[in-house]
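Shared between the two complexes below is chain A, which pairs with chain B and chain C, respectively.
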Partner chain A sequence: MRQFRAILKKDIVMELRTKEMLTSMGLYAVLVLVVYEIALSQAGSSFDILRIAAGLLWLAIIFTSLLGLNRSLVHEKDQGCLDALLLAPVDRPVIFFGKAIGNLIFLSVVEVIVLPLFYFFFLAGKPLGGPLWMLPLPLIVGSIGIAGVGTLLATMSVNTTGKDLILPVLFIPVMFPLLYASVAATSAVLIGDAGYVQVFWQAVTLGAGYDAIMILAAYGLYEFIIGA
Partner chain B sequence: MTDTQATDLALEVRDLSRTFGARKALDGVSFELPRGAFLSIFGPNGAGKTTMLKVLSTLTSPAKGTAKVMGLDVVADAVELRERIGFISHNPLLYPDLTAEENLQFFAELYCLDEPEKRIKELLQAVELDHRRLDAVRTFSRGMTQRLSIARSLLHKPDVIFLDEPYSGLDPHAMDILDSLIAQVRDQHTFVMISHDLQKGLELCSHALILAKGKVVLFEEKEDIDPDVFADTYRRTVGMGVS
Partner chain C sequence: MPGNVWTLVLLGVGAVLTTIDYIMAFFYTPLVEGAQVSEMINGATVPATRIINGIAVSSQLLYSQKIFYFHVPVAIGSFLIFFFTAYYGVRFLLTKEKRYDTRARIATEVTLMFVILTLITGDIWTRFEWGVWWVWEPRLTTYFIMTLLVIAYFVLRSSIEDEERRATYAAVFGIIAFLDAPISFMITRLIPSSVHPVVLRSGGGLTGPQLVAFLLGLFGMLMVAWVVYQVRLREELAKERIEALKAALEG
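Right after this comes the complex of A and B.
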């Protein structure tokens, strides 16, 4: 626990000092929203944005998270600090959880900034189908999976040449089930079609199951992957 | 070999091999080093020196053979072994955005040290960086960073210290400081150092090893070394190139 806290605290202190990840992720997310706004500006008044809003939101989250995930391991690698971490008597899963929770915190901070912006850009004045309190659940489940699986894949790609390309190529196909579940759950709340509660819980359960399986796999594989 | 002999050894390397694709970085390396010794490892670029240090320090696993450091197997006892080794590289292995003190605090937590503040203060004084303890490492000169790197590697009082070209990139003054720091702790640790500087390596060592193409070309105690023969062997191995 002491080692886990140390890794997490170090990542948070460094990020608060440099603001590299939060600035790049936040700016990127806002730019994506601006591009969406431009792309949808000519869609006309009959176009129902609620039907695609969840997809747009999750696309923004997925692409934004890629930026942060890449940076989280690259700054360890740059100064050989990853070796220093590996030389310490720390169980590898502790490193995994330290980095993953750090990534989850940074992603959550960005989501807290981006979500209100997304609402004002695209959803303001539109009647939501379901209650607002249901919205955070798919976001939490999705973000946990992104941070967990993303940390594992970022560790795999950090030692490769062309890591900026390798991470998305690995990440997006692996994330597909979670992305599908998160979009389905979020859409269910936003649109509120008949039976949306059942669809919502099915999707959230699918996402949570994916998180459990993938994080367990990451826990088991991390020693092998980080030492490779 | 008896158990008593085994405990007297800092390193026991048996038929150690490591491959990267088709290339053999280490090819059947065997040697023993007593505790308290200072081993200098020489060889051309690509000879397998850094790979050997990485295997001995548990950063990478051997493909074949065994290696024990202080009687602990580098694969089976890796976590326990990491508590007993320190590593100084030409890379500082420090976080540039953290202060000197924060870096040492972080590593003290990773090594679960008791009373880390006392040890950190002691080490910062030893490496003459206590006046810069609150400054970010990125503002340090190369020599200062290397001194802090030494403090990091000594935090947990390791038995064996691995040095991967520690003098690389240092100016003469910083080299003198590093010399005196090593001299201060020389009696308390076993050292294994990779060096391209024949004179410096031989000056510090009690044992010398020349590695080429992943194989041991020469391994001798310092008192048995004829400097001319050694220098000639070294020159020939440098000409052998990489494995």
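Right after this comes the complex of A and C.
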């Protein structure tokens, strides 16, 4: 537990000093929203954005998280921190959870900024289909999966010659089921079609199931990755 | 070499079974729901229709079901072969022996071949049955994602120079990908989509001759897959020996 806290603290302290990841991720997310505005500018007034809002939101999250995951491990690699961590008497799974929770925290901070912005830019004045408290749930489930599996895949990709080019190639197909479930759950709340509660819980449960299986696998396999 | 003989025998039997599957599919198996190309109504020959689930379906459409005898064996085969990618991946991680990495890689190559065949035949079926070239329907989606995963596996391999690291990363990604494919099938299938209703053939099951043709195709194609795998494996092993000999000569 102390080891875990030390790794997490290192990431957070470094971030607070440089503010590199949060500014780049936050800015990137805002830029994605600007690109949405361009994409939707000719859609006309009869176009109902609520129908695709969940997809747009998750698109912003997934691309922003790609940026963050890359950064978080490029640091480790470039400054030799990963090697030092391996030399230190730290359990390998602890490194995995330390990095994954760190990534989860940064992603959550960015989401907390982006979600209201997304709402004010695109959904202002539109009534939500479901109660507001349901909205964070798919975000939490999705972010846990992104951080967990993403940490494993990013650790692989920083050690390749392709570096940040490889991560999306690995990450997006592996993330597909979770993304599908998250978009379904978020859509259910935003649109509130008949029977949305059932769809919502079904999607959230499936997403949580994906999280459980994949994070368990990532946790078990991380040791091999980091040792190679 | 006896190994060669077995490979040849399996190739022969596999090819024959697959061919019989084709011939049976076209000339022997009854159509689903007892469909016919045309039927006589009041003495005139008209294109036949059948009522399925309260909807009149042209018998021509029911003919497209024949691709089933090719498509489904290939699809099942692709999953079975993909299993070996994960299996040899686990073996490699446990032993760190290079031969398991070679086997996992070749199994993935054969998977890629089968997944692409599944995608193509599935797409032809989609075009005929639903009139469009592409539908984001659970099966098609899953195979598309699987294709991407298998391609990603090779992209990952080609971007790592260190041999042991390449093998380890590929093994880990192979296992992750193998876990991911069924989950993506489950999730796309279970979450109701408001845009495309999931089209599923209801009930029925296969009758005798249909089942025979299907099983012949399945076993035939699995044998062919096994042979392709063996031939590729032997080629790789020979290549490795040549490299080793070269290194020995130079050194």
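Everything that follows uses one rule, which is that the second predicted complex is superposed on the first by the 228 of 228 C-alpha atoms of A that agree within 3 Å, B and C clash if a C-alpha of one lies under 4 Å from a C-alpha of the other, contacts with A are read in each partner's own complex, and residues count from 1 in each chain.
We adopt the following convention: contacts are C-beta pairs under 8 Å (C-beta built on N, C-alpha and C of every residue); 3 or more make two chains touch, one makes a residue touch a chain.
Everything numeric here is computed off the predicted structure, so don't read it as measured data.
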State whether A:Val199 touches chain B only (first), chain C only (second), both chains, or neither. second
Chain B versus chain C as contact partner of A:Ala6, first or second or both or neither: first
Chain A contact check, chain B vs chain C, more residues touched by chain C
Does the superposition put A:Arg17 against chain B (first), chain C (second), both, or neither? first
Tell me the contact category for A:Cys81 with respect to chain B and chain C: first, second, both or neither. first
Pick one for A:Leu50: touches chain B only (first), chain C only (second), both, or neither. neither
Quick one: classify A:Leu128 as touching chain B (first), chain C (second), both or neither. neither
Overlap of the chain B and chain C footprints on chain A, residue-wise? 227
Chain A-touching residues of chain B, taken from the complex the two chains share: 57-61, 79-80, 82-83, 85, 87, 89, 91-98, 102, 106-107, 109-112, 152
Would you mind writing out the residues of chain A in touch with chain C in their complex? 149, 152-153, 156, 159-162, 166, 169-170, 172-174, 176-177, 180-181, 184, 193, 199, 202-203, 206, 209-210, 213-214, 217-218, 221, 224-225, 227-228
Touching chain A in the complex, chain C uses residues 93, 145, 148-149, 151-152, 155-156, 159-162, 164-165, 168-169, 171-173, 175-177, 179-180, 183-184, 186-188, 190-194
Which residues of chain A touch chain B in their complex? 2-3, 5-7, 9-10, 13-14, 17-18, 79-81, 83-91, 227
